[in-house]
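In the two complexes below, chain A is the common chain; its partner is chain B in one and chain C in the other.
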Partner chain A sequence: MQYSSQAVAKPYFIAAIGLFVGQILFGLILGAQYVIGDFLFPEIPFNVARMVHTNLLIVWLLFGFMGAAYYLVPEEAERELYSPKLAIALFWIFLVAGALTIVGYLAVPYATLAAVTGNDLLPTMGREFLEQPTITKIGIVVVALAFLFNIGMTIISGRKTVVNIVLLTGLTGLAVLFLFAFYNPVNLVLDKMFWWWVVHLWVEGVWELIMAAILAFVLIRLTGVDREVIEKWLYVIIAMALITGIIGTGHHYYWIGTPEYWQWWGSIFSALEPIPFFMMTVFAFNVVNRRRKEHPNKAATLWALGCAVMAFLGAGVWGFLHTLAPVNFYTHGSQITAAHGHMAFYGAYVLVVITMISYAWPHLQHNAPAANGRAQLLEMWSFWLMTISMVFITLFLTGAGILQVYLQRVSDTPLPFMVVQDKIALFYWMRLYAGLAFFIGLCLYVYSFFAKGKESLASS
Partner chain B sequence: MDTLAQHDNDSLPGDFAIWIFIFAELLVFGVFFLAYAFSRANNVELFNESQMQLDRIAGAANTLVLITSSYFVVRAVAAIRTGNSTRCVHWLLAAIAMGGVFLVIKLFEFGDKFSAGISLSTNTFFMFYLSLTFFHFMHVILGMVILAAVLFKARSGGYSAQEHTGVETGASYWHMVDLVWLILFPLVYVIH
Partner chain C sequence: MSETFTKSMARNIYLGGSVFFILLFLALSFDTLGALPKRDNRHNITPQVALGKKVWEENNCLGCHTLLGEGAYFAPELGNVYTRFGGSKEAIMGFIASRPVDGIPGRRSMPQFNLSNEELEAVAEFLKYTSEINTANWPPNIQG
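Entry: the complex of A and B
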């Protein structure tokens, strides 16, 4: 660790992993509820579990992004963080607000939560992924602005690198686009249209900038390849991500009541969205192959390469599968979407946060460039277990989705939704088993932080 | 001169990154052109009929304008290769001015169509016409911004006969913008 203020990243990473475990537990509950309808009912209804599963994902990734920013911004800017105290204060505010929100979801009916939190004053609740009470949303904005102020001040008065500028651009975009969560028009078409400005422009727009910046930072450190080379890649990747991703929003506008030209715009631009992810894969392998040093943290390199590959498969390939309007006409809102969502989030954002944690943790915890050999081995095992499990989750959901689309929408004698759900239950069972394997991988990952090796800490 | 020619044959002119960008851009337009071709095959009559409403004179004029601007950019690169920054700046200025002429002619064309009540939702042909020309329009603006950035650096003596990658980079991008129009114009305005 070069700057003592980088240590503020530590609680953020711990919280991220803790909430990750919670997210997966609720994922398992949901997976079980798919096949055992009244599992844990009425204590945890399906809609509540789903809300907790998706909201925890977003919150822990945000913790991960913030932790990553606090770790890498000082090192890139070559100065201490502007205000470590502010960073710690924001951590507790965000954690408590997040925890209270989740408790609210679980403890009282959603309508009661809306009434208690004064949703009628500024109605923003009740929309998928944006279910948070309005006061929580305001809290998120306050935390995001203070966070941006903190790292912005660090960057402005320090060394300005492309990695820092791209990261700051991405994080600013994240905060600005979230403001559309407060826009809640009565017209349902407009509501959906701007809802995607948060949801799509986050994950297929500004988050890609954050991801590329984090990946670039870690790869510079791990491989010793010239910054100029990596920066050039970064420029091209983010240009492509924005060219394809922004108008690519159109692939959500096919059937919500927007004009027909969106079917063309959305299809053409989003069909090219795999390109920036493909470039990221080529970039990561290229840079690792041209490495100028052997970094002792092998696990971090594995996470980084895995991130690039899985992001390309999950976001790129599985996104392309159903992005063209004529295909999407049949597949929208089916298990194909769920398959894509799972692998894309895992590949692009879960893995990039873990890559950053894997690189930074030995510095934060042991003041060493790498964890001991046994801990790294456990990390690598957990990588393969989680990644292979996620591949199977995706494949099973894809199988379920293909069958669902055929039986429910394509065949000459279409069957009702629930009848089809019964027919594809086998896939849901297999998905649940794959989910359990994923959870074992996650436990192994958590355990790797406590694993003691025979040899002393690795040194560079 | 020999060394210059050799330099040209050895590698792509300009920064390698701009070529990745250019290929990506060409891919986007290429997919759009293919989509146009397939849609047209299914609606030949509609496309032919709607196409008659386009202003071919304006399109042809703009083709000449862009080709001329590309020529000016070529002269700018030639000037900096002999180390003449002042002349390079003048040619770049001329190229940017021609880009401006293109935009003005195009704006009149757009205004004409909009006042005739034509929009993206009129029919599939006009959806393609407006989308393609609008995206290209935005690329002309971006190209002008890039050329302007090169111009300012050239004016402050940032390039020399030995080191002028930036000029070639800007020129390469501008030629791409020109090339796309050279396909777009016959495809959308003329062929039927």
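Entry: the complex of A and C
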């Protein structure tokens, strides 16, 4: 660790991993409810478990992004963080607000939560991923602004690197686009149209900037490849991300009441969206192959390469699979969507956060460039177990999705939704088993932290 | 990447490309806003539909169902449920009101939300309004 203020990243990373475990536990509940319909009913209905699962995902990724920023911004800017105290205060505010929200979901019926948090005053609740009470949303905005102020001040008065500027642009975009979460007109079509300005323009827009910046930072450190080369790649990747991804929003405007011309705009531009993900893969392998030094943290390199590959598979390949309007007509809102959502989120954003943690943790915890060999080995095993499990989760959901689409939407005698669900239950069972394997991989990952022990490599 | 392609060229593509496509996206969105009144069934938005949407949101119906294909995939599509239930608001209200409190052994079951009659009517009216949005003929058939 070069700057002592980088240490504020530590609680952020710990919280991220803790909430990740919670997310997966609720994923397992959901997976069980898919095949044992009355599992935990009526105590935890499916919709409640799903909110907890998806909101924990978003929140822990945000913890991860913030931790990553606190770690890398000072090092890039070559100065201490503007205010470490503010960073710690924001950590607790965000954690407590997040915990209260989750407790609210679980403790009372959602309608009660809406009533006691005054959803009437400014109704924003009850929309997918944006289920948080309005006051929680306001809290998120306040935390985001204070966070941006803190890293912004650090960047402005320090060395301005491309990595820092791109990261700051991505994080600012994240905060600004979130403001559309407060726009919830009665007109359902308008509501849906601008809901995607949060969700799509996040994952297929500004988050890609964050992801590319983090990967670039880690790869500069791990490979010793010339910064100029990496920064050039970074610019080209994010250029392609925004050039394809912004108009690519149109792939969500096919069937929600928006005009038909979006079928052309959306299909053409979103079909190009795999390009930036493909470039990230080429970039990662390219710089690792041309590395100028042997960095002792092999695990971090594995996470970085895995991130690039899995993001390309999940977002690029599985996204392309259902993005053309004539295909999407049949697959829209099916298990195919769920298959893609899982692998894309895992490949791109889960893995980029873990890549950052894997790189930074030995510095934060032991002031060493890498953990000992045994801890790294465990970490790499957890990578393979989680990643292969996620591949299987995706394949089983894709199988379920193809059958669902055929039986319910394509065949000459379309069957009702619930009848089809019964027929494809075998795939849901297999998804549940793959989910259990994923959870074992995650436990191994958590365990690898405790194995990092004292016998770390010599200090940097 | 080759030497002739410099970092500042890459940066210019990024800046120019993003600005251009942001503007194009805003223009298309603006055009869409103009085209929506003919498609989004807004003339049927009544105070009752507004209440219905609120009931829909405050009970997190989207946490299990899809609406126009967006939401969760645990329970049937409801954008066309009004048509599927034979154009009967009473059938929709009756279904929601009659869900067993303790569920159905071994099977997926919708929770009992204890909605008032006014809320039941409103949510049914909201689903009727939704079914009349011009969705370019989605879903492919009545099963949603």
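To be clear about the criterion, the second predicted complex is superposed on the first by the 452 of 460 C-alpha atoms of A that agree within 3 Å, B and C clash if a C-alpha of one lies under 4 Å from a C-alpha of the other, contacts with A are read in each partner's own complex, and residues count from 1 in each chain.
We take it that a contact is a pair of C-beta atoms (placed from the backbone, for glycine too) under 8 Å apart; a residue touches a chain by one contact, two chains touch by 3 or more.
Computed from a predicted structure; not experimentally measured.
Undergrad: Once the structures are superposed on A, label A:Lys232 by its partner contacts, choosing first (chain B), second (chain C), both or neither.
TA: The answer is both, since A:Lys232 touches chain B and chain C.
Undergrad: If you stack the two complexes on chain A, which partner ends up touching A:Gly118: first (chain B), second (chain C), both, or neither?
TA: So A:Gly118 meets neither chain B nor chain C here.
Undergrad: For A:Ile275, select first, second, both or neither according to whether it touches chain B, chain C, the two together, or no partner.
TA: first
Undergrad: Identify which of chain B and chain C touches the larger number of residues of chain A.
TA: More residues of chain A are touched by C.
Undergrad: For A:Glu260, decide between first (touching chain B), second (touching chain C), both and neither.
TA: Both partners, chain B and chain C.
Undergrad: Of the two partner chains, chain B (first) and chain C (second), which one does A:Ile243 touch, if any: first, second, both, or neither?
TA: In the superposition, A:Ile243 contacts both chain B and chain C.
Undergrad: Thinking of the overlay built on chain A, is A:Lys192 touched by chain B (first), by chain C (second), by both, or by neither?
TA: Once the two structures are laid over each other on A, A:Lys192 reaches chain C alone.
Undergrad: Which of the two partners, first being chain B and second being chain C, lies in contact with A:Tyr330: first, second, both, or neither?
TA: Only chain C; A:Tyr330 stays clear of chain B.
Undergrad: Please write out, lowest number first, the residues of chain A touched by both chain B and chain C across the two complexes.
TA: 232-233, 235-236, 239, 243, 259-260, 265
Undergrad: Flag every residue of chain A that touches chain B in the complex, lowest number first.
TA: Within the complex, chain A contacts chain B at residues 232-233, 235-236, 239-240, 243-244, 259-261, 264-265, 267-269, 271-272, 275, 279.
Undergrad: Going by the contact rule at the top, pick out the chain B residues touching chain A in the complex.
TA: Interface residues on the chain B side: 15-17, 20-21, 24-25, 27-28, 31-32, 35, 120-121, 127-128, 131.
Undergrad: Please give the residue numbers of chain C that touch chain A in the complex, ascending.
TA: Touch residues, chain C against chain A: 1, 5-7, 10-11, 13-14, 17-18, 21-22, 24-25, 28-29, 31-32, 35-36, 39-42, 45, 49-50, 53-54, 56-64, 66-77, 101-109, 111-113, 129-130, 133-136, 138-144.
Undergrad: What does chain A use to touch chain C in their complex?
TA: Going by the criterion above, the answer is residues 33-34, 36-38, 41-42, 45-48, 50-51, 110-111, 114-115, 119, 123, 125-128, 131, 184, 186-190, 192-193, 228-229, 231-233, 235-236, 238-239, 242-243, 246-247, 249-250, 253-260, 262-263, 265, 329-330, 332-335, 337-338, 408-410, 414-418, 421.
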